[in-house]
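Notes to accompany the following structure.
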Amino acid sequence: MISALVYRDDGASAYEETALDAARDADGTTWVRATTGEEFDRVAEAFGIHSLSVEDVRNDARPKTEEYDEYTFVLVRMATLRAGEQVFEEEVQTRPVGLCFGDDWLVTLTRRELEPINYVWNAIEREEPRMLRFGPDYVGYRVIDRIVDEYFGLLDEVGGEIELIEDSIFEGPDPEVLEGLNAVRRDLLSFRKTVWPTREAVGVLARGDPDYVREATEKYYRDVYDHLVELVDLTETYRDLARGARDIYLNTLSQSTNEVMKTLTVVATIILPLTLVVGIYGMNFDPGASAFNMPELGWAYGYPATMLGMALVSGVLLVYFRREHWL
Amino acid sequence: MISALVYRDDGASAYEETALDAARDADGTTWVRATTGEEFDRVAEAFGIHSLSVEDVRNDARPKTEEYDEYTFVLVRMATLRAGEQVFEEEVQTRPVGLCFGDDWLVTLTRRELEPINYVWNAIEREEPRMLRFGPDYVGYRVIDRIVDEYFGLLDEVGGEIELIEDSIFEGPDPEVLEGLNAVRRDLLSFRKTVWPTREAVGVLARGDPDYVREATEKYYRDVYDHLVELVDLTETYRDLARGARDIYLNTLSQSTNEVMKTLTVVATIILPLTLVVGIYGMNFDPGASAFNMPELGWAYGYPATMLGMALVSGVLLVYFRREHWL
Amino acid sequence: MISALVYRDDGASAYEETALDAARDADGTTWVRATTGEEFDRVAEAFGIHSLSVEDVRNDARPKTEEYDEYTFVLVRMATLRAGEQVFEEEVQTRPVGLCFGDDWLVTLTRRELEPINYVWNAIEREEPRMLRFGPDYVGYRVIDRIVDEYFGLLDEVGGEIELIEDSIFEGPDPEVLEGLNAVRRDLLSFRKTVWPTREAVGVLARGDPDYVREATEKYYRDVYDHLVELVDLTETYRDLARGARDIYLNTLSQSTNEVMKTLTVVATIILPLTLVVGIYGMNFDPGASAFNMPELGWAYGYPATMLGMALVSGVLLVYFRREHWL
Amino acid sequence: MISALVYRDDGASAYEETALDAARDADGTTWVRATTGEEFDRVAEAFGIHSLSVEDVRNDARPKTEEYDEYTFVLVRMATLRAGEQVFEEEVQTRPVGLCFGDDWLVTLTRRELEPINYVWNAIEREEPRMLRFGPDYVGYRVIDRIVDEYFGLLDEVGGEIELIEDSIFEGPDPEVLEGLNAVRRDLLSFRKTVWPTREAVGVLARGDPDYVREATEKYYRDVYDHLVELVDLTETYRDLARGARDIYLNTLSQSTNEVMKTLTVVATIILPLTLVVGIYGMNFDPGASAFNMPELGWAYGYPATMLGMALVSGVLLVYFRREHWL
Amino acid sequence: MISALVYRDDGASAYEETALDAARDADGTTWVRATTGEEFDRVAEAFGIHSLSVEDVRNDARPKTEEYDEYTFVLVRMATLRAGEQVFEEEVQTRPVGLCFGDDWLVTLTRRELEPINYVWNAIEREEPRMLRFGPDYVGYRVIDRIVDEYFGLLDEVGGEIELIEDSIFEGPDPEVLEGLNAVRRDLLSFRKTVWPTREAVGVLARGDPDYVREATEKYYRDVYDHLVELVDLTETYRDLARGARDIYLNTLSQSTNEVMKTLTVVATIILPLTLVVGIYGMNFDPGASAFNMPELGWAYGYPATMLGMALVSGVLLVYFRREHWL
């Protein structure tokens, strides 16, 4: 259902869906919101909105600011993290929000009811003085500001995931870590795709180029623009942190392989020579054939001496390997 | 065969190939399409098209917009994925499309009949009102828009391949995965080589600089330009995803080597010491020579005690390795 | 407690917190400093500071320069390294410093008392002639200069840590090295997030665009700007050095694995064939069954010849491996 | 030997080396070419060419366009691949070509006779009508165009080498592959060092800024500029492909190590336990001492049962390893 | 000691240190050079040089060009390679050179006597006509040109080191190689920190913006600027080459590990099965207990047949491994 609201300094009043023209012509600022494709067309006709703008909302275009003769069109995207099937598996989901600022009217186009729109709408319905004092460009600022503020919460969650992953790396090389990092990387890529063009779009408003942004409102858009610049910075920083975590993970794996090899080498280096020794005294040369043939076998202390010698060799090697930090 | 079409608000009529001059001078918008090198020259002469423009179509030049006194020349490229010999082996193939917009005429130069040209041509022949209302710059927009729309389908296919590869990574380290990723990388490089300059070329039209782009048509080119910016973003995102998949793949390989080494080390660490023990009791020291020489061999429980001891050592090591997640 | 100071060429005098209006209207340059959120509002009201400026200090906004009709707003950040729990674990901590330069007044907003502010304040209280001679823009320069000078100390500490890490790499592959490098990387990312926008903010002042920066003061801001450009360069250089140290570390690990494998291979290559030989002479073929069955066992020099042969083979292999640099 | 040529619409005539002044003052366009350092100075004096231009040709300066009062100076570089000592060992070799366009004269400075200069010179001597019609800026275009066209051949060769290397990677990890890729990388770095500044230099001519480039010639330079942009793109694409080939190569190596380790582990895992078993039955516990001491040795089927058991264990392990794709 | 020199077309004359004012006011171009901090202040006072300029020389600021009302200040840095303690251990050392060009005077500020200053000074003292003809901006060019020319020598040395390292890589994986490459990388980072801002500083002079650079001198600065652009390119190229050498080195290491593993696997795969065989015939099953217990031991050709069988198996495996290029 299309809703229309007209407000002036002294109050706000709702209009019927069927009274679009009356609402448009009423004295004060008119805000009309449409939330289905069908409604888009009716509102577009009533306010002279170009079909390209409507199509942009329909087809999930990139965030942007475009000027038309009768209005300024701003497309931004509300972003939420949708929980995925696996741990660390969430996906950034965005929904287009189209705003057309005219001289004394504002049309918002969304494909379903969205919280940021409702929030500002309710503030006007409650007749908050601050809301009533300004025109459609200020209402647009409030909607965009609310959308952008939620980006920070989203990035905080991604940042929390990176920290969780970092902590789990030190518990041993687990292949899920890399999957988790890849999911984070994917999220940041998606998010960046939304934030970068939004920064440009709001930058245009902050510079006050469009006709339908009043000079008094520019500084508010500048404030949102600052937030967007910070979000872009944060996104890049998180990508860097994710890369750092990946490096540590891969290193942990190399470290593990190195440790494993050391264990094997230590075991083999100690045991193999001893096995050779016992193999020697297991040979069947005939001591009766000559005095040179394994006389050790007949010595009184042959066996304990051999065992002691083997123990000594092992001990020396163990000390050596411990000194070399192989154990 | 050169085809010529003249249309006005009230209808469209075809002209003979031989009546190029008549078509050019007829009242309304003239569209001539040439599809072989030989035809290029004849049309170029009839409409005063510079040989540099014709050469650009012939020699597969980069997408671009160039202004001449009598017309604006736009070169774009239609892209298709040509299936290759191996799985994951496709190649991006592009074909040049030259468009010359004059005051009230349009010449399209392609090296064979191409679907996007035919599609728009037929719309005029069917006398669609929307087509008849505008001039040659709008026809050009329709052709370019159709070509650019197909880029999305192509990128979707590449995206699908990346997803397939990602899924196959978790089935074990298979060298074909890396070849597949390299093929995707190659495709994205080719595609980027087409999309980047196209974005620039359409950007020039969207800013309305050229003489033969009317102000009313600019906003349509701006819409195509938006799509191209999105395509450039998507290409970069896919490259990033392909890089991420490669990292996971390489890690899977390291992981596998790590597992293999652990298996070897566990086997060696358990069996080698036991082999040493049995080697010891295989020595031939003469128990008759002295009481110190291997008295164990004569003990009543020597053999079962040895076997039990070996079993105990193995058990302890197995428990230890399991605790360390080596098994 | 809000403090206010009014100074002219001939001296400086403090004002009561309650006499803000008197201080503002007094002859000379007025400097008011507020250090709690509550104080911010009172000062903002007295000097007509926009709530967006106050919010920026409250919400830790990015460094920036913004012009308002009545004043120029500069936000910079004081940075300190806060010692962390582990070795190499420090974190860059920054605190916002808001400066509003008016025609003949300066308001500084910080969330607690900060050394750079106190330092310059005291210089005026001591009536240093150089301080008294200039207006609020010069005082602002002195504060920012002091903050930026401390950045160098901070970067020096980070540089020292990189050098410590580099030196410890050559003592063997220790996983703490990579954690230390990651901490450094994190510090440099944080620091960069502060220095980059500060450079931009001071650049605006150095170009003298804002109304409340006098031409005579520009060259001082240019000097701070130079320092900031150098800091940005240094940050990038340190990031590069940290990357280089990481590469060396990872290589040390590969080198170690390579050495370990060589040791294992040398041991196995020498011992295994010998073990085979002694195994052969441990076989129980019956020499009595035929003259072909292990006649060596009955030879007079069988045993010493075998031992000599084994020693020779070992010696040859050892020489070979040493030549190949495997030992 | 300096050669001079004067041409007009109606023909071309050669001048003696000693008649430089007559050639310069003759009616029509004068082209003088100098090919040794000594000649440079004489021509420079006759045409008022600044010593800085001459020095640039002498000292192998970077490609550039510079404007002087009396002429426009363009420096480009002819590039050839010089075959190296080893396979894949070629080096990009470049030679400076200086062009000075005056009002109605052109001086070319090269350090030896070069094909592109001769080629265009001969076209004028043959009195090709197209050549005679234009001034010195068009001649310059023809020379530069010919030089740039050869860049494509050079890049094709490098591309061919990358393809050869790619194919050889799949034949097994051969260290020459990486050397080959490094040589390609080196070539592309050299080539980029030539192409980038050439693009800038021709871009200046294509924009028609210099006084001595006529408006009618600009579009020809724009065409060369297009080629240079494409060459820059191609160079980057080839660098990317070379990087991709290196990744595949390094992976092939890791893959090989992985396979080797699997082989070793399979062999050790099957043989070591069997060796333990046979070691057990090689022990010399005295069966006469008690009934517990190795009664198996006296069993009728002890030996065949042991052999069968060992065969079964081997078989099971072989099946298991095959299932795990370790064999 | 401060030295002062005044020159005109007809000659040059030295002034006493105490006659700074006379030198400044003398007819012709005055050049004063100061080489200690103390001298800086005296010269600064005599010529009205701002303390910020003097501080820049004192504090090792980045290269830059700054305009003051009375003079143009240029800071460049002379660079030398200081031999380090180890092979490949050199460090780029730079020293600030401050130049102040006034209307008809030049002041150079260095912290010790430097060769490039002396070189140009002596040329004037020798009354070289070329030197006497121009003003202070040309002298500045000569000094900067000499400093920049030495950068090439420095880069050549670094390039030579890279080549040395490349050659030593092929002699086997030696950890010093990576240290050497890291030292080169460090040098290039230092050098880049000097060359980049110098390029910017000279670029300002080459564009002729500053008041005290005459139009006739611009082209000389353009020449130095060209050299600096080339130096920046070279630095990046060398960094790329160093990266390539590192890749080859790391690969050599992987290759070595691969070879080592192959050796181990070949040895183990051949010897372990043979050891099993000899172990079997070393078992003590009692042939007397049944005809099934090791009848082979009593066969006439048991021993030679076993040895032959083992030789055959070894031979087959050796042939196989050689075919697979494992040997």
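Residue numbering begins at 1 within each chain, and the chains themselves are lettered A, B, C, D and E in the order written.
Please note the rule applied: contacts are C-beta pairs under 8 Å (C-beta built on N, C-alpha and C of every residue); 3 or more make two chains touch, one makes a residue touch a chain.
Model, not experiment: these values are computed from the prediction.
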Which chains are in contact with both chain B and chain D?
none
Chain A and chain E have mean C-alpha positions lying a whole-number Å distance apart equal to 39
Touching at least two other chains at once: which residues of chain D meet that condition?
254, 257, 261, 264, 268, 272, 275, 279, 282-284, 294
What order results when the ring of chains is traversed from chain A, passing next through chain B?
A, B, D, E, C
Within their complex, state which residues of chain B touch chain A.
219-220, 222-223, 226, 229-230, 233, 237, 240-241, 244, 247-248, 251-252, 254-255, 257-258, 261-262, 264-265, 268-269, 272-273, 275-276, 279-280, 282-286, 289-290, 292-294, 325-326
Interface with chain B, chain A side, in the complex: residues 50, 52, 55-56, 61-62, 64, 66, 68, 172-173, 175, 178-179, 182, 185-186, 189, 193, 197, 246, 249-250, 253-254, 256-257, 260-261, 263-264, 267-268, 271-272, 274-275, 278-279, 281-284, 287, 294, 296-304, 306-307
